[in-house]
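In what comes next, chain A is part of two complexes: it sits with chain B in the first one and with chain C in the second one.
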Partner chain A sequence: MHSTLQRLNHISSTATTYVLILLSLISITSYLTLPPVAPGKLEIRDLIVQRGRLRRWGAKEEDLASLRFDLKTDLEPLLNSYNTKQLFLYLTASYTDSLDAQDHEVVLWDRIITRGDIRDLRSVNKSKSSKSKSTKSKRSRAGRGRVWVEEGKNKYTWKMPSGSFKGVQNANLTVYYSLMPYVGLLSSGVAATATSAIHVPNVA
Partner chain B sequence: MFSSEIARLRKLGVQGLLFQALNFLTVVASGLAMWKALCLVTNSESPIVVVLSGSMEPAFYRGDILFLTNPADTPYEIGDITVYKLPGGDIPIVHRVIESHITNTTQRLLTKGDNNTSDDLVLYSPGMEWVERKHVIGKVRGFLPYVGYVTIAMNDFPQLKYALLGSVGLFLLIQKDQS
Partner chain C sequence: MWHLSAASRLLFIPSTPRGHVQGVFLSRLAIEPMSAILPPAVLEWIEGTSIDPQSQDLISTASQIYLAILSAVCFIASYIAGSVLLSIEIFGAGLLLLVLLVSPPWSFLKRHPVKFLPARTKS
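The block that comes next holds the complex of A and B.
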């Protein structure tokens, strides 16, 4: 004889097991079948280094760099992958300081691309006509995965722990993506590369 | 109702009671051993954490479960989502690395929550300017949504915890009767 409680217990444990098996299969297959991304184009327009002070309590005068960039890349295949919740797109600069031999890497700009309103069926048709009015940078109409930024500004001030860019000659700028799944393993990769390293000017 | 229970306990005897206690201890100990083994494999003091704040939305919401690893000799990379604990603070913070400065001896990190407007410098302890390896519990590798909300609910409403424990205990007693 089986009691109601025993039946309940059995049902819930079976359900949990199968859901867990299903979730792990989803996370493994979606991780293995991630589409490759052809790195897009990144162009740095103008890089300026100035002496300045951050708007922060106790901030000292230091070298602050700012830049403008053009970015064009196609991440549509990643967004079309069924287990993609959001993409985190970020522009990084990596460089070595010859004075103290430190390796530096900083994020200068980032953007979150969610899949949210793709799921919302009502917004599928609307999104094509009324697109990106609020955002300053332009984006292609074709889809949110096709990222197209013109004259983008750095979101975070580029600065050095030492307060000076004296020991820095060149910096490599790259755009990476970080993929957040609905469930499973996180992954990341290169979204766009610059053709060459940029020269970091010194303060006059 | 209780007389039958007491009678059953009498029937079990001292040996039976001890055996039951031993069984219970085995379950607890093996759970602990598995958790500690996971800690060793991932090199992290807490390889599974529950998201407690909304500072990483829309990637992580309150109640999502994160799986961490913390390989000893690999530096953290920029864009990694790290979990760190501030000295003196108990709450692990899940934020993304936006600056990394590798010196001869250590790696200095600046972190920021995706949903926050500014970086974490204001969160750090007085006199602390960077997150270092000693603060970091691990780097987020895997993600499971919603499940951790059970622990948040039990922390917010302790009654729920007792109700759950009580019902489990009651269930065990009732099941014993039938076998």
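The block that comes next holds the complex of A and C.
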């Protein structure tokens, strides 16, 4: 402790310990105080299965399913909770293929919802915006946890490894969330459920 | 090369000469301490005209307590405000303050200098 360098060394090593303690306190507390989520509503408007090819004329024809859905769920308390950086929402379909007795689970749609009051050091011209503008944008960002998707389409192609949905009768559709914290454990859960399993039509 | 006296120069030259001049020079560069590389003014600021032992003790205990209180304050403030970034910012600012307060050899850290016995003279 007799020289400046030694003091700097001592303080920085002690500070590192305390930063780690602080961050672990934050992560534990935020994990214990996560608000509960009431699963929202997922309604399937339409499900069409048709033969088609994804690539050009060299490719084989296969069954392609296209989905239309309505999603309404309120994740506002979760998004504005202590240690949330962003939420990752994803819609999955899970079903069993009776032909080869395989369970499948595929992601059909997803969305990233970032926290409204997130401060990004990389953002430019933030201070230049006028006061009224910033309050307006704050207000518009306030409700981003209330997810309301109307007539959403599946973002990713829904198809089978075998090329046909012959063995599939019903599929369960669920919207899950993953919560990404600033520091700590990733947690996940169900954000919305469909009222019943959906019937997957067969192509003749 | 400011501080090196003739005797230490002799000491730093390896005892088994390499045979050619360049090798000796390079090995000297690797061995020489920082005191030989930095100018004396910078060295004095970094190493400090050492602060007294009482202040050293004070700094080591006070910095521990300060950091513990600081991290508790950070945690409570961030929990109330609901923002993790706030705690990091407060901690950073507090740490900067601590470093500025404690690391340079300020005069208030030299209030209790060690009093050495007077040098004995041959009677």
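Going forward, the second predicted complex is superposed on the first by the 172 of 204 C-alpha atoms of A that agree within 3 Å, B and C clash if a C-alpha of one lies under 4 Å from a C-alpha of the other, contacts with A are read in each partner's own complex, and residues count from 1 in each chain.
Here, a residue touches a chain if its C-beta (ideal position, glycine included) is under 8 Å from a C-beta of that chain, and two chains touch if they have at least 3 such contacts.
Computed from a prediction, not measured in an experiment: that's the story for all the values here.
By the touch criterion defined above, A:178 lies against chain B but remains apart from chain C after alignment on the C-alpha atoms of chain A.
Of the two partner chains placed by superposition, only chain C is touched by A:15; chain B is not.
Looking at the superposition, the partner that touches the larger set of chain A residues, chain B or chain C, turns out to be B. Contacts of A:26 after superposition: chain C is touched, whereas chain B is not reached. Residue contacts after overlaying the shared chain place A:83 against chain C, while chain B stays out of touching range.
By the touch criterion stated above, A:5 is placed in contact with chain B and with chain C alike. Of the two partner chains placed by the overlay, neither chain B nor chain C lies in contact with A:34. Overlap of the chain B and chain C interfaces on chain A: residues 1, 3, 5, 181-183. Those residues of chain B lying in contact with chain A across their complex are 58-59, 77-79, 81, 96, 98-104, 108, 114, 119, 121, 140-145, 171, 174-175, 178. If you check the complex, the residues on chain A that touch chain B are 1, 3, 5-6, 23, 27, 56, 85-86, 88, 90, 92, 94, 100-107, 110, 112, 114, 116, 156, 161, 176, 178, 180-186, 188. Within the complex formed with chain C, the residues of chain A that make contact are 1-5, 7-8, 10-11, 14-15, 18-19, 21-22, 25-26, 29-30, 80-83, 117, 119, 181-183.
Across the complex, chain A is touched by residues 45-48, 50-51, 56, 59-60, 63-64, 67-68, 70-71, 74-75, 78-79, 82-85, 87, 91, 95, 98-99, 102-105 of chain C.
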